[in-house]
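As structure tokens, the structure follows; a few thoughts come after it.
The letters A, B, C, D and E name the chains in turn, as written, and every chain counts its residues from 1.
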Amino acid sequence: MDSAQIIIQALNGLSYGLLLFLLATGLSLIFGLMGVINLAHGSFYMLGAYVGLAIINLTGNFVLALLGAALILAFVGILVERFFIQRLYKRELDQVLLTFGFAYIFMDVAKWIWGGTPRSLPKPPFLNSSLNILGEAFPVYRIAMIIIGLFVALALWLFLERTRVGAVIRAGVDDQEMVKAMGINIKIFFTGIFALGAFLAAFGGVIGGPIMGAYLGLDFNILVLALAVVVVGGLGTLKGAFWGSILIGFIETFGKVFFINFAIVTIYIAMALILIFKPAGLLGKEESY
Amino acid sequence: MKALEIKNISKSYGGLDVLINVYFTLEQGERRAIIGPNGAGKTSLFNIISGIIKPDSGEIYLLGQNVTRLSTYLRSRLGLARTFQRNTLFNNLSILDNVELALHSTKSDSNIKDILRNWGLWDKRKVIVKELSYGEQRQIEILLALVQSPKIIILDEPTAGMSPMETKTITEMIKSLSRDITVLIIEHDMDVVFNLADGISVLHNGQILCEGSPDEIKSNPLVKEVYLGTDH
Amino acid sequence: MISILNKLIPAETNLPWLAKVTMLLILVLLPFILSSYGLSLLTKVLIFGLFAMSLDILVGFTGLVSFNHASFFGVAAYTVGILVNRGFENFWLLLIPGIAIALLLAGLLGLLILRSSGAYFLMITLAFGQMLFALAWKWRSLTGGDDDGLPGIGRPEIGLPISMWNEQNFYFLVLILFIGSFLLIKKVIKSPFGKSIVGTRENELRMQSLGYNTWLIKYISYIIAAGFAALAGILYTYFNGFISPQELDWSMSGYILLMVIIGGAGTLVGPVVGAAVIIILQNLISTYTELWPLFMGLIFILCVLFARDGIVGSLLKLYQKKVGEMK
Amino acid sequence: MLQLTDVHTYYGDSHILQGVTLEVPQGSVIALLGRNGMGKTTTIHSIIGFTPPVKGQIVFEGKNIVGFQPYQIAQLGIALVPQGRRIFPSLTVKENLTIGWQKKKGQLDNDLKHIYSLFPVLKKREKHSGKHLSGGEQQMLAIGRALMTHPKLILMDEPLEGLAPTIIQDIYKKIIELKSSGYSILLVEQNIHLALKIADYVYIMNKGKIAYHGDTKQEQIKEEIKKYLSI
Amino acid sequence: CSGDKTTQPEQNPIKIGLLVPYTGVFASNGYDITRGIELYFDEIGWKAAGLEIKLLKEDSEMKGPVALQKARRLVESEQIDILTGIVSSSVAYALRDYIVANEVPLILANAGAAELTKEQGSKYIFRVSFANGQYEYPMGDYVFNELKLGKITVLAPDYAAGHEKAQGFMDGFKTSGGEIIQEIYPPLGTTDFGPYLAQINKDADAVWVHFSGTDSISFVNQYAEYGLKDKIPLLSSGDLVDESSLPHQGDAPIGIISSHHYSAALNTPENQKYVKDYRAKYNDDPNMFSEQGYVAARVTVEAIEALEGDISDTEKLLSSIKKVEFKAPRGPFSFDPKTQNVIFDTYIRKTEKIDGKLRNTVIHTIPADKNPWYLLK
């Protein structure tokens, strides 16, 4: 492999990793902060892609599709949280069943509306070209993905670290009653974070659409990837989700280069190895008494 | 043979030295209290004795055996029982199940019945522990340690949260334990401490400040200053 | 920290004696009433009931949400399938390598995964499960790979002059093994060991302070669960006459987990009821509409909303409340 | 300022509070005493709204707050120092303190400084996560956390549990100070000696009912306490 | 007894079981096959030899055990006369023993594993679609001798069908004298092909790929994105640019040369009628799957009509199916009597944009008897 190849593959890894970040970070928020195992997260992603496609077909505007899909799915997220999840905090098995039920329903609704044919989202025309890097072509869209991923990461970091929101949510999971006794209407925060998670998933769905497409089954493929990222990075930290994504992005990419025959399991081998040696994820703290 | 020997135990978290070269020993059958300001390192010391956290350096001998590298459960099997400062119970199980687990489910039914009768809990045996009031849970916490028939028992603020009446009962109960059993107790309730202990060790900033009989400690000006205040 | 299942689960299923006998009678008589298709569904329910019950040892009682339970099911199935295709016939003798290999695998994996807990446990088991899935997918010479799988597996020879090609006979073989396993698992759960796994689920720290080796408790429970999953896998191979990598996939593990939850984790009967509900409804609904996932999804959601502790768990609570009121 | 009239509270089917009537006048410290399991915490929880009463009235500053959400009750100016501390383990000490703080009521830095001067150790542990504090430190944090919300009424459920004698003396002084600056306090405490010293008025609970109530200066109180608390 | 029929119109209907995926990644294939079948039955008014046709649809979920369970219902409860559908080979394998033991004729409408009509074949199993390699093999010769491309890199998904199809092409290509310089097998369901594309040997004269469904859409787009489209010509099996994928691939597929047993752009009267009817009914272009469904339906009907509706004797039914021959949208249709696999002409197509729409123009036809694929066995 020459240096140009290495750079291209590194860019591949980085762009894939940041795409993973977009699709995993919502799960990380919901899972890590609120302790909700949201198996419908992939469905939000998939529906985001489908809705985004529908908006593009209507308006031809990618940015509109991006925001529109994210907002619509955020609204769906509000409904789901407000009427269902809200009763199930700290009841993980019930969350599994409920969100799995929703995943089933969302999948069928998508099939109903859009049919089963796999689709792909068109790239916005202004990003539909390639860059020449040391004689190798590299798609501009993937550079844009890297930038957007970094931007979202920064925005989230500011939002969670610079405001009280993250702390309130964590406190709410620790002891909901006590948070209320502090005069905080915690339900609104929970609903908000869940909606934000759905927003980010759908956002990722549209951004990833030109690469991953939209098809039935995308939901669960995404879910597994997102879970891997969140768990490898350690639950509940934005930092973990970020580095977890980049790491998985690189592992997947270089797995495809060096271990072609094992590409279907590289991600699992990596996960297993990490968890064997760090049972609570790379950046997660081991529960010390 | 000593019941318990703590040899130069040190422990720090990040830059925070929680225990510094703590050394003390406990004779068999002795009743010793550890007192000291909040955050002095008392609970940390208990966690190191019972093996829940590992010390950075130093050694621990239990009944003559070096247990520094032994897991918690093996120390328990050597005859060490403990209570926690924060109730650590099987919250979703009944009182009966809690006690059965503490007895390793091996003892006969009549034994359990006797125990629960003695504690006045037989009628309540099917009550789920998390539905008890705080003070009632506290009693279960102690009960679980006592029913293990330990050789050494270490109690972390056993009477905290108990009403005066219950406190008295528990104190008497500990006092009436067979003299084969070594007792180490952390308490902030000085009445309990002075009632129970043969000797007192004062822990301050992770170090043993002084040791002595209850009377010596009571009148020690240093202890007065850092811990007792002017009331006692 | 995520401590899956921190809620009250009735550790015993105290159905009255009468219900038990009725249940047994129904199971014995049903094959004479059902159509051959109905019988095959019922057989499948029992096999998956056993499979789900074995997972419940982990999920409901030990508090470990494992996502590679299908590995043991599948590995045992492949072992027996391969041996049958190589000419080994005696069912009872085949059980030994089939179950042994699953126990061995569980023993090995248990060494690697039990340091994780909660969500991390779920993910590390998922990872190992997928590796085994990939192995079955790629090791064509042994497993037939992804396409052909391992077809042509005949029905078991049980050493009696009874043909297992007869669906009723096969059903009774499954029924007997199911009841045997049920009683055995129940015995384990009621034993002091069973109490100690519940204790470990509830409070590991306290268990250690009481002198229990909680690691070993979880390890043994993982292995026991694998053993029963293996038996289910073996029966399933015979039932279908083939085995493919799909039986090892995480979706299979997830499917079983749903059965456990929907029926009621921590009640032994629950997972069986869960298996029955899911298998029968899915088959029923999908004959009427291609949108069956929609209806299954709705059913899952209704179950969560109206049967908090799973179907059997909720019924039990209701029953206990009634009994309490009568007193 | 706070008035409970014939409050009945249940846990499922069990009838725990069986008609509790008590009053916390403005600027006073009221002690609620009783043996374990008598319903003290349940009374506190009924006020803050964790276990809303099925029957009876709870009037705070002229408003019946039965049926209000806990956060609404808290926003009216009631703070809780719960039994068993219940600090937020996954938050740092500082986050614990600031989480309920409200802009309109004070200046964050000043308020923090105030708490830190009361409990200097909290300043030292500012960035530690709540779960790593010692028991006593957690108790201080729980008290500080409640004070940070600038309440009018503080419900204190055994706030002295696990505290060293010196700290207890500090808190004693603090409570007196709070009282004189107009705060009202409902204090549940097992340290009878101290409770009698701080409180203006005492209620004794027995099996979900108020068994006795009276002024702390009354002579009869000693006997009643002996009767219901057996000392 | 055929005379009775006119007097007794209320006879048992003919029951045809259809087992395809309606959920999951391959649901669209299931729906397309169903559409083809229903289009044909519409055409003939849902009657064969005067008997009503009942189509019983079941979701196979692409899972062997599920499909087997559904087949049990169809066979044992519904007593179907013929089973058709089956998208994936693994499902076909799972059903095989059961079908044979229960003597149910099975008409495969997609599953391509060659074995199913070879060693694992049975007189009960017919295939109207294709065997993996069947239309890939003759392209090897075309690429080497007509397109004059000598060094080729091959990419296909890492599962049985992917390997079989790639093998078909490589066998044909090597037999003609070509050289395969690189083989890459990404996992099935790969969406990000970037890392593979960067590895493609720049010395290759062309890249031959087989991808279908979701993979095909991602691949074609990314091949262009990484600047390869202008550097190395892309050849493929017809699946890559099947009409089911074309509308979602943008302009990226233009210029791809592929081999297939069908193209919606075929200029025969049969196909033109078919495309017209299909558009009229579904407002969509037909594709390989719907055509396979259409053909499967027609085969059943032709066989039943040849027996004048008397299908009580399974043996007779089987031999009747075997003899079916007609002009399908794809061209002349018949079974190879030995294997009961379909025989068809192979089309070399070039993807072009005509009137703003992508279509696979047929640029060369390799007649069935010139396809030496069969000679290999």
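Simple rule for what comes next: a contact is a pair of C-beta atoms (placed from the backbone, for glycine too) under 8 Å apart; a residue touches a chain by one contact, two chains touch by 3 or more.
These figures come from a predicted structure and were not determined experimentally.
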Inset, instruction - Would you pick out the chains that touch chain C and also touch chain D? - result: A, B
Legend entry - Neighbouring chains shared between chain A and chain E, ordered by label: C
Inset, instruction - Between B-D and A-D, flag the pair that has more C-beta pairs in contact. - result: B-D
Inset, instruction - Averaging only over C-alpha atoms, locate the centres of chain B and chain E and give their separation in whole Å. - result: 75
Inset, instruction - Could you give the separation in Å between the centres of chain A and chain C, each centre being the mean of its C-alpha atoms? - result: 32
Inset, instruction - Averaging only over C-alpha atoms, locate the centres of chain B and chain C and give their separation in whole Å. - result: 43
Inset, instruction - Identify all positions of chain C at which a residue touches two or more other chains, and write them in rising order. - result: 6-7, 137, 205, 293
Inset, instruction - Two or more other chains in contact with one residue: find those residues in chain A. - result: 107-108, 111, 261, 264, 289
Legend entry - Multi-chain contact residues (two or more partners), chain D: none
Inset, instruction - Could you pull out which chain A residues touch chain D in their complex? - result: 164, 167-168, 170-171, 173-175, 177-186
Inset, instruction - Can you check the complex and tell me which residues of chain D touch chain A? - result: 48-50, 69-71, 74-75, 79-80, 82, 86, 88-91, 95-96, 98-100, 102, 145, 149
Legend entry - Parts of chain D lying in touch with chain B, wherever the complex brings them together: 11, 34-38, 41, 83-84, 121, 132-137, 139-140, 158, 161-169, 190, 192, 229-231
Inset, instruction - Would you mind writing out the residues of chain E in touch with chain A in their complex? - result: 22-31, 158, 184-192, 194-196, 198-199, 213-214, 217-218, 221-222, 225-228, 244-245, 248-250
Legend entry - Touching residues (chain side chain E, partner chain C) in the complex: 22-23, 57-59, 63-65, 68-70, 72-73, 76-77, 89-90, 93-94, 96-98, 113, 115, 120, 159-161
